[in-house]
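Presented below are the structures under discussion, each in the form of structure tokens.
In the two complexes that follow, chain A is the common piece, with chain B as its partner first and chain C second.
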Partner chain A sequence: MKFIALIVVSLTGALLLYGTAEFPDWGDPSSPASLHVSNYYIEKTYEETHAPNFVTAVVTDYRGFDTMFETAVIFCAGLGCFLLLRDFTGKKEHFYRHIPTGVILHVKNGKKKLTTGKEFEYMDKDWVPHDLINKTVCRILIPFIQIYALYVVAHGDYSPGGGFQGGVIFGSSLILFAISYDLQTLVERIKEKILGILAATGVLIYAGIAAICMPMGGNFIDYGKLAPLLPAGSHVRALGMLGVEIGVGIAVMAIMAIIYINIVSEGRHDEGL
Partner chain B sequence: MHWPIDLIILTFVIFCAIAAITVRDLLATAILFGAYSFLMCLLWTVMGAVDVAFTEASVGAGVSTVFFVAAIFRTSRRSRD
Partner chain C sequence: MNDLLPLIVAKYNYWMYVILMMIGLYAMIAKNNLVKKVVGMNIFQTAIILFYVSIGYKTDASIPIIKSSDTAHGMVVRAADYINPLTSCLMLTAIVVSVATFGFAMALIVRIYRRYQTLEEDELRMRLSE
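Presenting the complex of A and B:
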């Protein structure tokens, strides 16, 4: 059976490779893709939108619908993860470490929770390792990662990157926090409810900015019509893109955290990596 | 004159892909996928698609590897086929 599968896969691969022979060369100026719309974007984007990075301009302005529904897809992924995995039956037993002595407490009655802080800290049953160096390094590193993420979001229309990448980087800083400290620490800092609200808010910001253009007399996602709302002389379309990018960034950040927390703790939000 | 870099990276990509489907340890597969994504990111950069490379680096090599590792942590590390 495996042999037949190998033959089928090889034949399909050979067919696909044969098909690529007809493709235009890389960077060929006379290829169909770069004959029609590409030239328009390259020549007119800066004039029309004042966004130096015209990839962002194409993604969030000219092709804004695509990005909006992409954000909606990401939102649905987070929602699906939540609906499939979330488990509200809390665990009865908890483990705590007494920090000064290193003694481990096993609390069997789940109702009572120790207050963690200088004296006690959570401990996972499945993932015991605990390393001061890791914690310290990550504590120093995480703010820089987050500032870099904000930089990426804010410079979406100037340099490579944008809301999606910035949001992913911010979300991964939260994941790093959960890995280096404890899942419970993250869940206590950022409540599940807040993450859910942030995810929905991000999508709403995008759809909202796009929809505001309609009562202003334009089409959906026609940022040019937002001019009366903004100070005179500002690059309206670039600012519209920035707002949209911020929405995407918030949504993606929250959803990455939701997916990670739900997967790693099997939906119980108590312990994980 | 960057075609040799192209070819070298492509060779590594193919090695990573083959290794990822032959290795039986799923954790190793996750890491190999991360390496694969990173090499693809280098390839996009060589081709001048910096935005795509950025996405590949942050999503492909970063977060999705973490999701794979998290899923393996909660399931089993050995594949049965």
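Presenting the complex of A and C:
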């Protein structure tokens, strides 16, 4: 089997390498990919949209439909993870550790978590005793990561950045929180229901901003028609893009957290990495 | 041989992408473990991303964000000054799709492991035929 695979892969690779002989050289400004629509984007984007970042302008304005359904793809991936894995049968056994003495209580057949005072700490099977440095460093770092993520979203049409990138950074800060503390703490801070609502809200913001353009007299995703709502002069298209990017960022952030939480805990949301 | 070397040097980005892509394809075909197959799929997608980004590159061009000197009224933006934004856009969305497929594949793998307690393909086939 492996031998056949090796032969197939080598043949395909040789064929592809033979084909590259016809390709344009690396960095050739007159290669076919850089001749037609790409030049139009570079020359006209600032004039038409007043967004300095061409990539954001093309992603959210010229190719707005593509990005909208891309957000829907992300939403469907999160929905699929939830539907495949979510398991609502809570576990029966719980462990509580008395912090001053280190004595561990084992509660059997407990349907719900007990409400305990500050002396008791909830434990799961991945509990490690000394992670003070991890916790402290991550507690200091996480707010800065989140502010950076918000900056990346907000500056998406002026500098490298955008909704997908900022959303992923924000989602990774949530994942860092779950790794440095434990999954339980994250799930308590941000409820599953809120994450689901945020994911749907992000897609709704995108589709909503795009749909508002229609009663204002334009086509779907024609941000120029938002001028009466956004008194920003010639920058109205850039502002429309910013709104759409915020929607994408919210959706991606929530979906990253949903995928992570469901996969590491096998859908039970109790313990994990 | 003398003809081949300049050909490779001028187009070595394509060689890189073909090699990476074949590593991914080999992993998808030959590996027995499902997680390794998914990793192979990710390498394959990365090769495609590398290919697209490299065909958008132009020598002596800057990133596709307009320079402040070009924003003044009446200035003409020259296309040769900026790299191709279109390939970057397409790959932005491709990265999103790869995250989505990877997350969904991992979810499927977790389900398979919960049901069959294994991720090796031959063992799975044995369990299925039982």
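Definition applied: the second predicted complex is superposed on the first by the 261 of 273 C-alpha atoms of A that agree within 3 Å, B and C clash if a C-alpha of one lies under 4 Å from a C-alpha of the other, contacts with A are read in each partner's own complex, and residues count from 1 in each chain.
Here is the rule we go by: a contact is a pair of C-beta atoms (placed from the backbone, for glycine too) under 8 Å apart; a residue touches a chain by one contact, two chains touch by 3 or more.
What you see is a predicted model; the values in this text were computed from it and never measured.
Once chain A of one complex is fitted onto chain A of the other, the partner contacts of A:Ile169 are limited to chain B, with no touch recorded for chain C. Touch criterion met: A:Leu17 reaches chain C, while chain B stays clear of it.
In the superposition on chain A, contact is made by A:Trp26 with both chain B and chain C.
In the superposed pair of complexes, A:Glu266 makes contact with chain B and with chain C alike. Set side by side, chain B and chain C differ in how many residues of chain A they touch, and the one touching more is C.
In the superposed model, A:Gly161 lies in contact with chain B only, and not with chain C. Applying the stated contact rule after C-alpha superposition, one finds that A:Asn219 touches neither chain B nor chain C.
Legend: residue contacts after superposition of the two complexes on their common chain; A:Ile42 is shown touching chain C, with no touch to chain B. Once the two complexes are overlaid on the shared chain, A:Leu6 sits against chain C while remaining clear of chain B.
Overlap of the chain B and chain C interfaces on chain A: residues 26, 53, 55, 59, 160, 162, 164, 168, 259, 263, 266.
Chain contact summary for the complex, chain A toward chain B: residues 26, 53, 55-56, 59, 126-127, 152, 160-162, 164-165, 168-169, 171-172, 175, 179, 256, 259-260, 263-264, 266, 272-273.
The residues of chain C lying in touch with chain A in their complex are 7, 10-15, 18-19, 21-22, 25-26, 29-30, 54-59, 61, 63-66, 70-71, 76-82, 84-89, 92-93, 95-97, 99-101, 103-104, 106-108, 110-111, 114. Contact residues on chain B toward chain A in their complex (touch as defined above): 47, 50-51, 53-55, 58-59, 62-63, 66-67, 69-71, 73-74.
For chain A in complex with chain C, the touching residues are 1-2, 5-6, 8-10, 12-13, 16-17, 20-21, 23-29, 31, 33-34, 37-39, 41-43, 45-46, 52-55, 58-59, 63, 66-67, 70, 73-74, 76-78, 80-81, 84-85, 158-160, 162, 164, 168, 252, 259, 262-263, 266-267.
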